[in-house]
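In the two assemblies presented below, chain A is common to both, partnered first by chain B and then by chain C.
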Partner chain A sequence: MGQNYLASLSHFIPELLACLTMFGLILIEATYKEEEKGRGFLFLAAGIGLVSVLVFSFASLGKEPVAIFTNSLIIDSFSSLMKMVMVLGTIGAVYLASTSNDIEGNLKPEFIIMATGVLVGGMLLSSANNMLVLFIGIETLSILSYVLASLKKGDERSSEAGLKYSLYGGMSSGIMLFGMSHIFGVLGSINFTEMAVVLSTVDTTQIAILLPSFLFFFAGIGYKIACVPFHMWAPDVYEGSPLPVTAFFSIVPKVAGLAALIRVSQTFFANPGALNIGWVGVLSIVAALTMTVGNVSAIGQRSVKRMLAYSSISHAGMMLMGVLVISELGTRSVIFYSVTYLFMTLAAFYVVSFVSDKYGNDHFERFTGLAFRYPLMAIALCIVMFSLAGIPPFSGFVAKFHIFTALLAKKYYVLAVIAGINSVVSLYYYLKIVRLMMLKDPESEEAISGFNIFNQGAVVALTIPVVVLGLFWEKLIVLADGAKVFLQ
Partner chain B sequence: MQASSNLLNWILWTPFIGVIGVLLIPKSKENLIRWWALVNTAITFVLTLVLYSKFDTSVPGMQEAFNVKIPWISSFNIFYNLGVDGISLPMIILTGLLFMLCILSSWTVTKQIKGYFALFLFLQTTVFGVFFALDFFLFYVYWEVMLIPMFFLIGIWGGENREYAAVKFFLYTFFGSILMLVGMVALYYASGKGVDSFSILALQGGRFSDLTIELFGTTLSFSKLFFIFLFIGFAIKVPVFPFHTWLPHAHVQAPTAVSVILAGVLLKMGTYGFLRIAFPIFPGASVHFADAIAWLGLINVIYGAFCAMAQTDVKKLVAYSSVSHMGFVMLGLAAMTVTGMNGAVLQMFNHGTSTAMMFLLIGILYERSHHRWIVRPDGSKGFGGLYTQLPKFTIIFIIAMFASMGLPGLSGFISEALIFLGIYEKYTTITVLALIGLLLGAAYLLWMFKRMFFGDVIEECKSYTDMNAREIAFMVPLCVAVVVFGIYPSPVLNVMRASVGKLVSMLATY
Partner chain C sequence: MISLSSYLFISFTLFIAGIAVMIARKNIIAMMLGIELILNSAALNFAAYTRFINNNLEGHLMSLFIIVIAAAEAAVGLAIVIRFFQIKETIHIDDAAQLQS
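On to the complex of A and B.
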C-alpha cells in the first residue's frame, strides 16, 4: 500500500484544491480596495473552488482505499463522503454569508477565507491515520475557528465568544496532547495502523495507562463535537458569533470530529476487551448526557439561534450513538444522519438569518405569523422542524431510524429509549416555533427583504432533499453502505 | 382481478388527489373548494362501499384479491404493502363515511378554507394508510404523519385554548409512537432481518415467545417488554387510563369536524393497533397481560363516566363519555373470546357512528349559541327548553343519546351486550362493576339532556333556529346507521367474524 509522495499527491487533490482556493481568495481579496470588499466576484471564486473540491471528492468515491504520505492519511469512501458533507456545509455557509447582514461587508472575505481553512482542517481530520495529522487537523480547524467566532469586531459578545472558544480550545488541546503522549509511550508509535497492531498485545498494566490516556485523547475530539461535558463553550460561541458562522460551526467541525472519532473507534476499539468496554461505556454516558443536556437547555431559550445551537448539541449526541456501536451499521447511520442534518440545519439557519437581518434579533416572537406573510418559507421551516424532531415522512426520521437500528443491533435498549424520550422533548421546542409561525396572526405586515426570490429558492432547494430523503432513502443508504472505514 | 387489486390504492390516494386539487384551486373560489372536497370524499366513500361489496366474508385474515405489495426500501425489506381483512373493513367504511359527512358539516368554516380542506383530506389519506398498512414501517409512517394535519387542524381552527391542546396532543402521541418505533426496530432484529421482518402478518403467531433480553444483569422476556412498549403506544391513542389526559383538551378545543374524526376514527386506531399488531405478534404476552388490560378497561369505563358526570361543558362531557366507551372496547379485547372480540370491533364501529352524531350535534348547537355550557361558571343555565325551540334537533339528539347509552334497538346495545357476554365467564367481577358504568352512562346523559332540553326556555335560546337542510343531510345517514345496525347488525358482524375468529383461535393456544 506504500505510495511515494508524488503518487500520493494524486489522491490528495481535494485537499490541495481547498488550500488553493484559500490562497487564491487571499490574493483576490488583496486586490480589492477597502470599500470594495465583500463584493460578488470573491463569492463566485469561492464557489468555483469549493464546487471543484466537491467534484474531486465525489470522483474518489467508490475507488479502492489508499494510504498516502507514508500511511499517515487514508483516503477511503468514508472520508470522501464526510468531506463532501463538509464541503456542502461550507458552500451553504458561504452563500449565507454573502446575503447576511450579520457579518460586515468588509469582513466577508475574511469569513470565506477562514471557512475554507477550517474546511481543510476538517478534511485532514476525516482521513487522519496518524496522531500528529489528527492533531494538526484539529488545530487547523480550531485556530481559524477562534478568529471566526470573534468576527463581529465591535461586538462584545463576539469577542467574548472568541476568547472563550480559544481558552477552552487551548485547554482541551493540551489535555489531548497529554493523552497522546502517554499513548505513544505505551504503544511506541503514532501511526494508527501500527498502534492497532501493538494494541492487541498489551497487558493489564498497560491497559490501566491506556484507558485514561484515551479519555484525555477523547477530550480533544469531544470538544470539537461539543458533547457534554465539553460543551460549555458552545452556546456562548454560537450566540456570540455572526449567524453564518454559527451555521458553519454547527456543521463542519462536528462532522469532522465525528469522522475522526469513527476512525479512531473502529481502529482501536473494535475488538472486545477491557478497552472496548471502557470506551463504549464512556461514549454511551457522554451520548446520553449530550442529548439530554442539549435538549433540556434548548427548551428555555428565547433566541432561535441559541435554540438551534443547543439542539445541535443534542443532535451530536444522537450521532455519537452511531459512533459508539462501533459497527458498519453505526457508520452508515452517522453518514446518513450527517447528510440529512446538513440540509436541515442549513435550511433552518437560512430562514433564521433572513428574519434576524430584518429585525436585528432572532427572538421567537419575530417568527409570529410568518405563514401569513411568507407561506413558502414558513412551510419550509415547519418541514425542517418536524424533520429535526424525527417525524416521518421527513429525512430526520429516517436518520433516527437508522441510529435505532444501529443501537438495537447491539441490543443497547436503554440508550434507544433515552434517545426516544429525547426526541419527544425536542419536539416540544421545535413545535414552539411552528406554533408561532402557523397558528398566530402576524404582528406586522412589513416585508422582509431577505426573502427575495433567490433566497427563497435557496431555502426551498435545501428543503427538497429533507423531504425526498425521507421517502426514497434507499440510494443514499446504499451509498453510505459502500463507504466503509478502511482498516488495514 | 387486476381492477379490484388496485382498489386499495384508489381508496388510499383519492383523498390525496383531492389535496392536490384543493391546492390548485385559487383561494378566492371558496365554494369550489368545498364542493371539490365533498365530491372527493363522496367518491372515496363509494369506493369503500365497492370494497365492501367485493369483500369475501368467508375468508379469515387478509383478502388476497386486494393485496398490494411493492418493494419500497429493498435493503431493509420494507414494502409498500396494503391489505384488508374483516377487522379493518368496518373501520375503513366508517372512515369513508365520517370524512364525507364532516366535509358537509365543515361548510360553515370560514377561516383559511383552502388550508383547512387540504389538511382534512390529507388526514383522510393517512387514516386509510394506517388501516391498510401491512408493513410495520409503513404503518408507523402513516401513524406518525397523521399527527401533522391533526396538529394544524386543532391548532389553527380550534377554540380559545387551541395551541395548548394541539401541542399536548402532539407530544403525547409522539411519546407513544417513539416507544413503538423502538419496539419495531427490536422486532426487526428479533425476526432475523429476513424478507418479512417488517411484515405485520409474518411477525404474527408468537415467534418471539421464547426470546429473552439482558438488561443490567436481569433477564426479561422479550415479548413481555416489547408488548408493554407497543401497549403504551396504542394505549395513548385509545386513550387508556392513565394516558387519557390529552383527550379532553384536544376534543374541546378542536373544531367540530376534527372532534368527530378524532373520536370517531382516530381513537379506534389505538384499539385497531392492539388487534392488528400487539395481540397477534405477542400472543403469549397479551394473554399474560389480559387481566391488566381488563382492569384498565374497567377503570376507563367507571372513571370516564364519573368525569363525564362532573362536566359543565357539554363537549367535554361527550369527550369523557368516549373514554368510558373505549373502556368497553378494551374489556372486549381483554376477553379474548369470539363473542367479546366481535363485540369490541362492533363497538369500535358503533361508537364511531354514535359519538360522531353527538359531536356533530354539539357543533350544530354551538353555531347557534357560541358557547357549550350546560351550567355556566357563574351558576346560571347555559341552555334550557331546547325541546320546544328545536324539535328536529331534539329528535336526532335523542337518537344519538340513546345509541350512545346502549338502549336496546339502537346500535350501542348490541356491541355492549356482546362484550359483556364475552367477558362474563372470565371476569365476572369486572363485568358486574362495568355494568355500573353502563348505569352511570345513562345517568350523565339523561341528566345532561334534562338540563339542556327540558325546563323553561331561557331568553337566549329563543333566537335559535332549527336545523337546516344541510345539517339534516349529514345527520340522517348516521341516524340510519345507528338504527339499522341496532336492529340488524349482521352486515358488520358477518364481515368481521372470520377474521376475529382467526385471531381468537390463535390467542386461545396460549
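On to the complex of A and C.
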C-alpha cells in the first residue's frame, strides 16, 4: 500500500510542483513584505515554478496512461495537454499582472499565489476519476477565485463581483453535491470506473433517479464553464474583477471544467441508451443557448472587456459542442480549440489591458485610430479578432472547422447550422473594433506607456501561434489525437 | 424505525428550504445560510446512503469533506461580505447592483 502511494507520487510531479511553487511564493511574500526587491524574487520564483510545471506536464505526454492513488486520479495524455493549456494561461495572466496597473503593487504577490492555487485545483479537476477529487478540484478552483475576483481593495465593483461569484458558486456547488449524493446512492460508489460498470446494469426506476441527478451534477461543472442557465455571474464578475484576473478567469476555470466534463461524458455516457440521449440532449440545448446568448449579448456592449466576457461565453458554447458528440474526434477538436482559444484570449486581453491602463476604461472609442499610432499592436489585435470570429487563414477557423467535422460525423446538423449562424453574428462585434482601429483617425496623440518594447514583444509572441496554428495545424492535431481519454 | 426514505425526505426538505432561502431572502448572511443548508442536505444524503445501502465508507468520507469545504467556503464568503459591508455599509443584495449591463 505504502509503495503504491510512493509510485503514485512519481506520476503526480506537476501538481506537487505547483503546490510547492505556491508555498514557496507564500514564504517569499512573508519574508519581503513591502520591499521592491522581494517582488522581483517573487516573479522570478513564480516563473521558474510554473515553467517547471509546464516541462513536467510535457514530459508525461505520450506515456502510458496510469490510474494513481487507488484509482482516484488518471494521468493520461489528455489530462497532461489540458494541464499544459492551463499552465500557459496562468503564466500569461501572471505576466499581465506584473505589468498591469489594474492590480495594486502590494496585491500582485497575492494574485500570483492565488492563481497558482487555482491552477492546482484545475489540474486536479482535469484528471479527476472520483467524485471526491472532482468536488475538491472544483472547490479549490472556486474558493480561490472568489478571492481573486474581489482583489481590488476598496473598489465597489470588485467586491461586488466577488460577492456575486461566491453566492452563485456556493449555490451551484451545493446543487452539484445534491446530485452527486443521489448518483452515489444509486450506483454505490464514488469512483468513476466502478460507477460506469454499475451504470450499464441499471433499470428504469434507477434511470428515473439518475437523470435529474446528473442534471444537478452538470450544474456544478456548467457553472465553471459559464454555460447558459448558469452564466449570470460571468459578465458581472468579468467586468468587476481586475483585468489580469478576467484574463485568467476566461481561460483556466473554463478549460478545467471542460476537461472534467469530457471525462465524465466519456466515462458514463459513451454507450447508447436513455441516459446517453438525455445527457446529449441537455448538452445540445445548453450549447446552442450558450452560443446564442453569448453572441447576442456581446453585440450591445460598450466596454471591450465586457464584450470579451460575452464572447468567451459563446466560445464555451462552441467547445461544448465538441464535448457532446462524445467521440475521439470531438475530444481532439476541443483540445485544439482550447489551445487556440488560449492564445487568442491572452493576446486580446494584453492589448485591452495596456489601453485601459492608459485611459482608465476600456470602451470601444479608446481604440480609435490605434493603427496609426501603434501599427504593430493594431495588426496583432486585428489578427486576433479575425481569428476569434473564425475567418480562414487563422487558427480560430481551423478550430471551428474541427468542431464542425466532429458534429457532422455524428449528423447533428441543426447544431452545426446554429453554430454557423452564430459565427456570422460574432463577426459584427469583432469587426467593430477592427473598423475603429483601422479606419478612424486617432483622437489623441498621447503615448500609451504600456506599449513598451517588452509588452509589444509579448503581444507579438502570443499572436504568432494564432497565425502559425492556422497554417500548420497538423502537428497539434497529431498531438491531440494521441491524447485520448483513458477509459478502463 | 427510521428508514432511508425518512432521511431522504428530510434532506430533500433541507435542499428545497436552502434554494427557497437563496431566492427569497435579500440579506446576504441569510443567503449564505441557505448555501449551508444545501450543502448539509447533500452531506446528510451521503451519510444516509452509506448507512442503509452501500456499506463502503466512501459516503462518510464525502460527508466529512463536505463539512470541511463548507467551512472554508463560509470563511471566504464572510470575508467578502465584510469587505462589501465596509464599502457599502449594507448587506442587502439589492444594493449590489453596480455591475449591470
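Here is the rule we go by: the second predicted complex is superposed on the first by the 480 of 488 C-alpha atoms of A that agree within 3 Å, B and C clash if a C-alpha of one lies under 4 Å from a C-alpha of the other, contacts with A are read in each partner's own complex, and residues count from 1 in each chain.
Just so it is clear, contacts are C-beta pairs under 8 Å (C-beta built on N, C-alpha and C of every residue); 3 or more make two chains touch, one makes a residue touch a chain.
All values derive from a computational prediction rather than experimental measurement.
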- prompt: Now for A:174: first (chain B), second (chain C), both, or neither, which partner does it touch?
  reply: second
Task: Mind working out whether A:185 is in touch with chain B, chain C, both or neither, as first, second, both or neither?
output: second
- prompt: So, A:105: does it touch chain B (first), chain C (second), both, or neither?
  reply: neither
Message: I want to verify the contact counts: of chain B and chain C, which reaches more residues of chain A?
response: C
- request: Figure out whether A:478 sits in contact with chain B (first) or chain C (second), or with both, or with neither.
  value: first
Task: Considering only touches as defined above, state whether A:414 meets chain B (first), chain C (second), both or neither.
output: first
Message: Which partner chains sit in contact with A:229 here, chain B, chain C, both or neither? Use first/second/both/neither.
response: neither
Query: Given the touch rule stated above, what does A:161 touch, chain B (first), chain C (second), both, or neither?
result: second
- request: Under the contact definition given at the top, report the residues of chain A touching chain B in one complex and chain C in the other.
  value: none
- prompt: For chain C, which residues count as touching chain A in their complex?
  reply: 11, 15, 18-19, 22, 28, 31-32, 34-35, 38-39, 41-43, 45-46, 49, 53-54, 56, 58-59, 61-62, 65-66, 69, 72-73, 76-77, 79-81, 83-84, 87-88, 93, 96, 98-101
Query: Hey, which residues of chain A end up touching chain B in the complex?
result: 386, 389, 391-393, 397, 400-401, 404-405, 408-409, 411, 413-414, 416-417, 420-421, 423-424, 427-428, 431, 434-435, 438-439, 473-474, 477-478, 481
Message: Give the list of chain A residues in touch with chain C in this complex.
response: 131-132, 135-136, 139, 142-143, 146-147, 150, 154-157, 159-164, 166-167, 170-171, 173-175, 177-178, 180-182, 184-185, 188-191, 235-236, 239-240, 297, 300-301, 306
Query: Which residues of chain B touch chain A in their complex?
result: 73-75, 140-141, 144-145, 147-148, 151-152, 155-156, 162-163, 166-167, 170-171, 174-175, 178-179, 181-182, 185-186, 188-189, 213-216
